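In the two assemblies presented below, subunit A is common to both, partnered first by subunit B and then by subunit C.
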Partner chain A sequence: MTLPPSIKKAVERESEGLNKSKSKKLLEETERRFREMSVVPAEAVGVISAQSIGEPGTQMTMRTKHFAGVTEMNVTLGLPRLIEIFDARREPSTPTMTIRLQDDVASDENKVREIAAKILEVSFESIMKEIVIDLLNFKIEVTLDNSSMESFNIDIKDVEKAMNKVFKKHKIVILKSGLIRLSPKDTKTILNLYKMKMKLKSMHIRGVPGIVQVLPIKRRGSWIIMTAGTNLRRVLKVPGVDPTRTFSNNIHEMFRVLGVEAARNSIVNEALGTLKQQGLEVDIRHIMLVADTMTLNGDIRGITRYGISGDKASVLARASFEVPLKHLFNAAVHNEVDNLSSVIENVMINQPIPIGTGLLKLVVKRDKK
Partner chain B sequence: MVPKHEKLSKAKAKELLEKYNVVPNQLPQITLTDPTLENMEVEAGDIIKITRKSPTAGESVYYRVISIG
Partner chain C sequence: MADVYMNGKFVGTCLEPENFVEKVRVNRRKAKYADELNVTYHPDEDNVILSTEKGRARRPLIIVHNGKSLLTDDHLMRLESGEIKFNDLVAKGVVEYLDAEEEENSYIAITPEVVKPGHTHLELSPLVILGSQAAMVPYPEHNVAPRVMIGAKTIKQGIGLYVSNYLMRSDTDVSILHYPQNPIVTTKMYDVMNFSTHPVGQNIVIAIMAWDGYNMDDAVILNSSSIERGLFRSTYYRPYSIEELKYPGGQVDSIEIPDKEVRGYRTEDVYRLLEKDGIIYPEANVSSGDVLIGKSSPPRFLSSLEEFRFGVEARRETSQVIRHRESGVVESVVITESDDGNKYVKVKVRDSRVPEIGDKFASRHGQKGVIGLTVPQEDMPFTADGIVPDLIFSPHSIPSRMTVGQLLEILGGKVGALMGNTIDGTPFQGDREMDLRALLKGLGFRDNGTETMYNGKTGQMYRVRIMVGNIYYLKLRHMVANKLHARSRGPVQLLTRQPTEGRSKEGGLRLGEMENHCFVAHGAALTLKERFDSDRAIIPICKKCGLVAIYNRFRRKGVCSVCGDDIPITFIEMSYAFKLLLDELKSLCMYPKLIVGPK
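Right, the complex of A and B next:
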């Protein structure tokens, strides 16, 4: 077995100044220790990982929500979050992003706040005071909220621009006082009017769609932006954002935008972070093994009966996990064969399991004569 | 977040398969539609070498074979 390059480099650095025989000895000793430390062939690493993550899991808080201190945001943590990660749920229950900024921006609070304001989604609903459907004259009347418009730094011209885009054919009257009248052009049905009202309310004015909250915070001397709601693809393109260190806690989003390897890293980071936050130390190797398994076929599969556990080759192994009858019936219908080559099947039929010394088999090569 | 991805040449790929005594479908996979492969000239069956930064080993090398969709 060869040493990993990083260890080799470290040894070389240490042996600088030593004479040749000594440095050779050091390398040999390091190699010996390394071999001793490594996992032996046929060790059941998966089971050990499962136990190593499962046991601390029993100690985790069962409560779903926590106020995560300074961040002032309600983020799902603890066991529910861990389950979310390993099940590979499509959407996390609290989607958040951590946005890191380019070095020249990250130290300047004003610039950071500027970017944060640019990212935050402002919809029409958040800048209006009142919306009324006038059935007599077939109109929608809106009163804008000047104070909230000011706080978002939005001009009435921005509103006009956005409205002209969305309601091209309709008649729009915008008064300086912040009163907007919108009357539909053609079909004059109440349903139509109602639909327009809903459309107007959710109209996008500025920012990145999906980001409902932004929070610039200072961490270790430089500013980062935390968000509620995610839209990784769009945020990565915002000038000033460092695309290599910005991430979302939605693993599927990471997969879609940055690929499997980023998703794998994000599984490792999220799981480890969740455990750490609860004060539990699990060796990162266990989590890396799980993450590698979850991304094995280039997609993300959770450890559920629809994901990895449903993919096992053996009928009996699948049946032993969840919903046994379904698997047994289906196997019978499809005339499936079980080669009894894995662990669980052999436990069931009381045979030696192929782990450790049980994996080794004797093969005889007979002379061809 | 995204480690380095490179395509292995045919000769290198063969060498790798012989070294580990495996056939391509025993390797972990990466889909052809993966965003990291967007700007690379690759096709299904190619082997991608991924150099990860690992907190335990400093740098670790991983291989994925490209699968269809």
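Right, the complex of A and C next:
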């Protein structure tokens, strides 16, 4: 068995200055230890991983919400989050991002707050006070909320710019006092007016779409930004953000933006972090095994009947996990053959399972004739 | 303007809801309205709810007016002399019943001392805050709330004298304690409930200490000499019954000593206790397998197979046998008639239950545990006075559960036992700890209930003081004798050929899915196979079609119902349950072909 390159390099580094026999001994000893640490053939790593994650899982408290930061920000944690990760749900129930910043920015609170403000999505709705449909004159009248505009640091010119972009040929009147009148360009139907109102309300003014909340936090001397709502692709392009250390808790988003390897690491980090937060220590290799299994075909598959559990080769194994009839009928229709090569099937028919002592077969050498 | 609802139906509106509600109350108290009427005003919903419906839980409260309770000493005196009754107080508007809804709008004082102008009502007694069960726990205000609830729950499980006519009843699964006692430390609820007619426990001497590790993890140590003196002995009763049924076609069961020719006849021996009428006699000693009531029934089906059987040969044996692994003495035999006019026999069997290792005991504070060891008196620790505890309780059970009430009960029990009176542990108004301490000190004991004790085996003095006192303890109805169970082989189910389930059927203990995973995780493939061998079967399989075949042992040839006679077959070992699965698939029109490889 050869050593992985990283260990080999470390050994080489350590053996610098040692004489030849000693460095050889060091290498041999390292190899021996490495061999001892590795998993024995026929070890049931999957079951051991499942038990190692499952047992601490029973100890997880049912309290799911927890305040992660200083300010109010609810993040789903505990068992529900763990289930979410292993099921590979499309959207986490509380999407968040951890934005790390470039070193020169990270220590400066003002700059960090500036970036945070730039990232936060501001829609028209959050800066207006009142919106009225004037049916007599076929107009929409909006009163802006000056105080919230101030707090978002938004000028009336920004609003004007945004409106000109969205409502290109409409008649727009903007008064200094913060009153806006908007009339439709052509068809004067009430439905049209109503649609315009909805469009106006959701109009994007500034920031990254999808980021509902930003929260700059100081961690170990440098500032990071936590967000509610994710948009990894756009945030990575924001100047000042360190794209190498910024991530989302949405595993599928990580996959879309950064690829499978990132998704795999994301699964490991999220699962491990959730367990650690509950004060449970699970060896990383168990979770790595699960993450590898979930991502091994270049896509993310959850441990569900639609994911890897439904992809098992054996009919009997699939049938023993949720909706048995479906699998049996389909197998009958497609004339499937079960090779009885895995554990569950062999338990069912009471044959030795191909794991541990059951994997070994006695081979008898026949005399040559 | 508030909406007014009467029994859930909208009836109108009113302008001044607060005044309206007050007026209704005044009239109710003047007995102008029925006292069942309850009225509530919800300011946030702005509606008035009037209800007279049945099914509301209501409770009596003393009315407070302008910071003064309407119940006077005069009332109390006349109540005591019997001049007036409780209901007269209701009629007079001194006491009224509130339902849950009206209670929401009330400000209820707990004791007369704290009544202030804002109060609307006064509790009859602080005791009624708790229910009838929770109020049975002495000093509950010194315990954590969950422990009081557990305590209330365990009191219900205590065996005592649940009814005094138990000999004439035939309740299933009941026990009677031989020497039940009233507790030394009681609450007012014990008088209210007439507890002395159905007590559930005994007052014992308890020491709080560790003893050789046999009382760790909620176990307790019992003095075996106390047990020999009759402590916590009980009798267990189980009734058996049988009915002489009549079947359509004029056939009847018959209660008798079954004929030897009857199908399913047991050994002659088990019928030995039956008298001529086929029923056992009282005071007979019965043990496992003995027949209590002999009976034979007509054949179930008149099928062609049994046509050649006639007379008694066709009848089935359907006697009532004593339960598996139980024994005892026949207490009573009752012969009567059922609702349908059939002969009906009931036999009650009694068995004594002497406390043994594994029996469950509890105090009234939610501290329950099983016996870990019984120790003879001479080996038990003793005090300078020579007092030997009946039970040793682990001190580790106290801090995390915070059942301080139990310690107070021990203190009170000690005082009560020494002075020969009962101690009041009523919730919120029991005898004070300081008074108990003073009394104990006056009796010549250390005021915290601790004493110097000596090791019963070596005679050495323990270097710590140990709390000794009297406490009311309960024997709970969960006894090992009724639960002990093990099996190495035994009956199997007809359908799956797997072991039966449950103690009464002499069943196996299931090796479940998670246990299975453990064997897999250890890689113990062959051990796992062995454990699941309970329904092992060797099935002949047709080599041609892969379905279950038949082996004709006489001709040494295989027969396949699909491929015909004289067919090559092979024998395959599998679990019978899997063969069953294959059959089930066939019934779903699927063809589960077994592809048989070389051996």
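Operating definition for what follows: the second predicted complex is superposed on the first by the 334 of 369 C-alpha atoms of A that agree within 3 Å, B and C clash if a C-alpha of one lies under 4 Å from a C-alpha of the other, contacts with A are read in each partner's own complex, and residues count from 1 in each chain.
Basically, contacts are C-beta pairs under 8 Å (C-beta built on N, C-alpha and C of every residue); 3 or more make two chains touch, one makes a residue touch a chain.
Remember, it's a predicted structure, so these values are computed and weren't measured experimentally.
Chemist: Kindly classify A:Val166 by the partners it touches after superposition: subunit B alone (first), subunit C alone (second), both, or neither?
Modeler: Touch status of A:Val166: no partner.
Chemist: Could you look at A:Leu296 and tell me whether it touches subunit B, subunit C, both or neither (first, second, both, neither)?
Modeler: Once the two structures are laid over each other on A, A:Leu296 reaches subunit B alone.
Chemist: Examine A:Ala332 and indicate which partner it touches, taking first as subunit B and second as subunit C; both and neither are also allowed.
Modeler: The answer is second: A:Ala332 touches subunit C but not subunit B.
Chemist: For A:Arg256, select first, second, both or neither according to whether it touches subunit B, subunit C, the two together, or no partner.
Modeler: first
Chemist: Contacts for A:Val212 in the overlay, against subunit B (first) and subunit C (second): which applies, first, second, both or neither?
Modeler: In the superposed model, A:Val212 contacts neither subunit B nor subunit C.
Chemist: May I ask you to decide whether A:Glu43 touches subunit B, subunit C, both, or neither, giving the answer as first, second, both or neither?
Modeler: second
Chemist: If you stack the two complexes on chain A, which partner ends up touching A:Gly356: first (subunit B), second (subunit C), both, or neither?
Modeler: A:Gly356 contacts subunit C only, not subunit B.
Chemist: Can you tell me which positions in subunit B touch subunit A when the two form their complex?
Modeler: So the residues of subunit B touching subunit A come out as 1-3, 5, 28-31, 34-37, 50, 52, 54-60, 64, 67.
Chemist: Inside the complex, what are the residues of subunit C that reach subunit A?
Modeler: 516-518, 520-526, 528-529, 532-533, 535-536, 573-575, 577-578, 581, 585, 588, 590-591, 595
Chemist: Hey, which residues of subunit A end up touching subunit C in the complex?
Modeler: 42-44, 47-48, 50-51, 328-329, 332, 337, 343, 347-359
Chemist: If you look only at subunit A, which of its residues touch subunit B in the complex?
Modeler: Of all residues in subunit A, those touching subunit B are 4-7, 9, 244-245, 247, 254, 256-262, 265-266, 284-285, 288, 292, 295-299.
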